[in-house]
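Shared chain: subunit A. Partners: subunit B in the first complex, subunit C in the second.
Showing the complex of A and B:
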């Protein structure tokens, strides 16, 4: 089984205090620490578990700058055999479609049975997986939280409204966006990362991928960010006061009055 | 009356010389024993090396003298301990007698130098060994009654850990009693037959000599020979039975104590003598398979006497986490006996330990509190083994999900919460506090001779920064010129190394060591016992490290600080020993003395105190681990404090504070019991 997992380097929300920059068009990035997008980590773990069962290789790919090398190596330390860095100034400022276009180029350079993306990343659009599938004309399933291997096809579970799960059959090759909770990703220590520190990671530019530079990056972006802000605190929060018992009584009263109980 | 014929001169069936039979006993008995021992020692030779066990000889001899020969850990469990001491000294005394008896069967007049009956020492020895034989007999009878009838709970074997061990215990006690009886009968028969000897009244031999009919010469002769060979048979059977189970300790305990841990608080390196580069090049790290253990750790497995004291003191076992230190050892020993059997060919299979004899949860459940090691009467170690097993799990990526985030945060930000580095000394910049007490911060270019190493929780936790502030105020009151590192201080890593993330620990350590060196600090003070332990025992920094309780006492004694009378003299205070201050570093008295230095304070001790203190649930990364347990350790602890009649439980550790404050709420002791940190208590009473 040849599996390509698309990953992204993002500011780690658990280890940063996110504040707006002075220009008000982005977050302050000077003091941030980065890591692999959490969803992508589950996708890589799932791919590795599949390969451990049926053989094959896992390749991790990212669109990014030289710093993105660190997350590719982290995922390789987990067990992905190959890494691939898509790096080109032309990719800068890409919208989701631009990223999907670059990834499509990478997919077409190889031969993959499965392509995974995380369900979403730091910007929360959750669009790249679907776009990539459409561009490749491959079947697509989103928010996948269970995968059972079949012959030429997969049975997959998808998380739907209210914590329910639906089961689908999907033929391969296909693109799946992976939801957290599908597995328990293994730990990657410094030692594991050091072990893969010498592995060559090929870098491909827009030209290498056969991607028209005008269709990606800021130039090709049809969606542009025009503002970025922390919403103002709204009115309406009510602090209950009194002893613990009194607070509980009041809370029950409010819940009852508003149909919560 | 005619004396009895000795075994050596006895002719079986009228022709076969007893001396030859006795000789055959020695050949077969010793030969088989040598063979079994060679097979038992083989896996130790193949095990991982550990040359640290051959240094610190004076300390090792001291351990032999106190823990092995002196049996000082035995009376911690009074009944079993006293019984053991009697049997132990009985064995030492009668070992000599048994050796000469074996030879007497071949050379009837043999006596060890100086111990012949006509020599004063020999005469005294003969009395001593009769007394000891009797004492051992009685001790074994009581022990058998305890094991078989009373059945103290700590000997029980939970179903998941295999079969009950009572039968083996009672069987061995019966053999020992048999040895005592046959030895006494052998001599009693001769005395009854008229051989002159002084017998100590009320000893077994004296009783037998009184009972035996002196007229029945033939019977006495038979008894003399029979008891001799019965004793020989029992002895050689026993000798060869020892390496088959828990009684191996009779042979191995000497070596186990000789080679036991002599330093406190530190963790063994991944591989002894390895360099940083070497560590990177290792194929695999930690213990994943039985063969990855060091020879000393395998010797530990052989040596366990199954007394159950470790698990009886283990807080994880107490709250029903899936860990019982006793069975960490017993399960490994069973595996050693299976793979490296004395009868069959060795099996060199390399199946992983976790997933076969151990579960991952079992290995993560340990708080490394050290109660088991403190208790073991023969110096069996657990923490290093647990850490080695964790190193193996970390290397395989098998780390519980709840620990992965804090480990990643430690790697990226130097603290387990992922807080921003530049806010590490924010507590010192708090306006209200800074107005009272100015703290030098290294990032502002301000250093001094004394470094206060704050560590992560005390730097960042909203509640625990109060400890940092209190410590600073105390140092200030003592007139100490001190500084804190600030943003460049990283977590001490005390739990990082203990949770098996060796490489991350090495990074934290190297970073902190470099910063400490750069700061030019001549002395380090800590308020967090985990930091204290890491700096003192793991880093082994080359400047003195002290805990704030030691600083407090030094300054009280020197008259530099004075404490005012307790505000509410009706309150009763109890002190909870943190594991990393008490057991791992033997600082028991300074915190107690500091509390008692407050005039008018009433104090009380909990049932479990000092080296038997009960772990609070663990600190550092243990705060993030979600164990499977029936009760919180700290809940048991706070109930213990309430039972002792205390209104205030004084902790000297930020992690203990977290756990105790939570536990007071969980136990419903709000309003009845409160927790306070030592530095907070002292600061409140600074004059």
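Showing the complex of A and C:
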């Protein structure tokens, strides 16, 4: 089984306090700590488990700059055999469709049975996988939280509302977006990362991929972020203040008054 | 002006409430009357319900659409929707499955999970989105010149409950609906040992609990409060297998309506809040800017790993 997993380097929301910059049009980006998009670790783990069962190769790919090397290596330390970096100034400022267009180029340069993405990334769009599948005319399923291998096809479970699972049969090759909880991503230690530090990661440009530079990046983007802002706060919560003891006393009064104690 | 369509979800012959919100979303984009699209099999009642909300309804009735398999629905929509249109969805697990691919097939722009519409400037639709779990928002410009597919977060627009549209239903042909993905069945979640929907007080913990061993702090508080209380959680706690799935609150978990919901170390994502349907919401979070404080009734800025045991101790003392 040849599996391509698309991953993204994102600001780590657990490690950063997100604040506005002084100009008030963007977030402060100077000291942001980055990591792999949470969902992508589940996608890579699932791919590795499939290959451990039936053989094959897991390749991790990302669209990014030289900094993205570190997240590819992290996923390779998990057990992905190959990395691939799609890097070109032309990709800068891409919207979801631009990213999907670059990835399509990479898919067409290889021969993959399965293509995974995370169910969504830092912007919460969850769009790249579905777009990529449509561009390649491959079947697609989103929010996948169960995969059973069949002959030339898969039985997959999709997470839908209320904890229900929608079971489908899907033919291969296909594109799946992977939801958290499908597995338990393995731990990656410093030693694992060191082991893959020497592995060469090929870099492909728009030209290498056969991608028209005008169809990607800011030039091709039809969806553009204008600015960041902090929405005006509504009334918000009644904040309990004082010493811990005072707060606890007030809280207990509130719990009593509302039938909670 | 682009024509606006709204895809309406329905289940068991009943339209989802989001339909009444999408009509108002459509009005924020165009003054022209919007057209609803309902797909399915044997859906006359749903189409009639849609016509009470939308001035025009297109009904695509076909046995292959009996279950809304996103690949099949997408094919039907590509057949029915003219190039250059704006297509609205409610942002949910169906839109996540269908809408991005639809935008590619219609050669239209795509924007997901919008929480506001700031107006139309020429062929640019200006929308509002959130990032970093709602800590900051963004204005986003969407080029509609070749059409756009827009998924709107439920609750963004007030519902138009007047149901006085008196719309007309027309039937449309779905065309070829062959697909490489086949729907098999829906599997309901396994019942857990606990039923959090029955508790009066939920001590609900999120990623802020930090460690598996700290789960005990919530269990201790629950014990101190007594029978009426139960421990629930946000999704990352279930993903980490620290608690069973039946304790998860949210769109992909349980819907609860306790008297008191104590959100401890939970940021307030819309998927989590979507499962809380009432009661007094008390938020305890170490970050004073956590979005949950915007929606909570009572807020406490504290480290829950220290605060929860202190609260437990005080309640025990009172006994």
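The rule is simple: the second predicted complex is superposed on the first by the 235 of 261 C-alpha atoms of A that agree within 3 Å, B and C clash if a C-alpha of one lies under 4 Å from a C-alpha of the other, contacts with A are read in each partner's own complex, and residues count from 1 in each chain.
Keep this in mind: contacts are C-beta pairs under 8 Å (C-beta built on N, C-alpha and C of every residue); 3 or more make two chains touch, one makes a residue touch a chain.
Please read all numbers here as calculations on a predicted model, not as lab measurements.
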Please work out whether A:78 is in contact with subunit B alone, subunit C alone, both, or neither, and reply first, second, both or neither. first
Is A:192 contacted by the first partner subunit B, the second partner subunit C, both or neither? first
With the two structures laid over each other on chain A, which partner does A:33 touch: subunit B (first), subunit C (second), both, or neither? first
Just subunit B (first), just subunit C (second), both, or neither: which does A:184 touch? both
Which partner does A:139 reach: the first (subunit B), the second (subunit C), both, or neither? second
Contact-wise, after the overlay, does A:150 reach subunit B, subunit C, both or neither (first, second, both, neither)? neither
Is A:230 in contact with subunit B, with subunit C, with both, or with neither (first, second, both, neither)? second
By the touch definition at the top of the document, which applies to A:14: first (subunit B), second (subunit C), both, or neither? both
What's your read, subunit B or subunit C touching more residues of subunit A? C
Touch check for A:260: first (subunit B), second (subunit C), both, or neither? second
Touching subunit B and also subunit C: which subunit A residues? 14, 17, 184
Of all residues in subunit A, those that touch subunit B in their complex: 12, 14-17, 31, 33, 35, 78, 184-192, 194
Can you tell me which positions in subunit A touch subunit C when the two form their complex? 11, 13-14, 17-18, 20, 27, 96-97, 100, 119-120, 122-131, 133-135, 138-143, 155, 157-171, 174, 177, 180-181, 184, 222-231, 233-234, 236-240, 244, 247-249, 251-252, 254-255, 258-261
Complex interface listing, subunit C residues touching subunit A: 69-71, 92-94, 96-105, 109-113, 126, 128-133, 135-143, 146, 179-189, 200-201, 207, 225, 228, 235-236, 238-241, 245, 248, 251-255, 259-260, 280-283, 287, 289, 293-302, 306-307, 310-311, 314-315, 318
Residues of subunit B that touch subunit A when the two form their complex: 280, 285, 394-399, 401, 403-405, 407-409, 411-413, 418, 420, 422, 501-504, 507
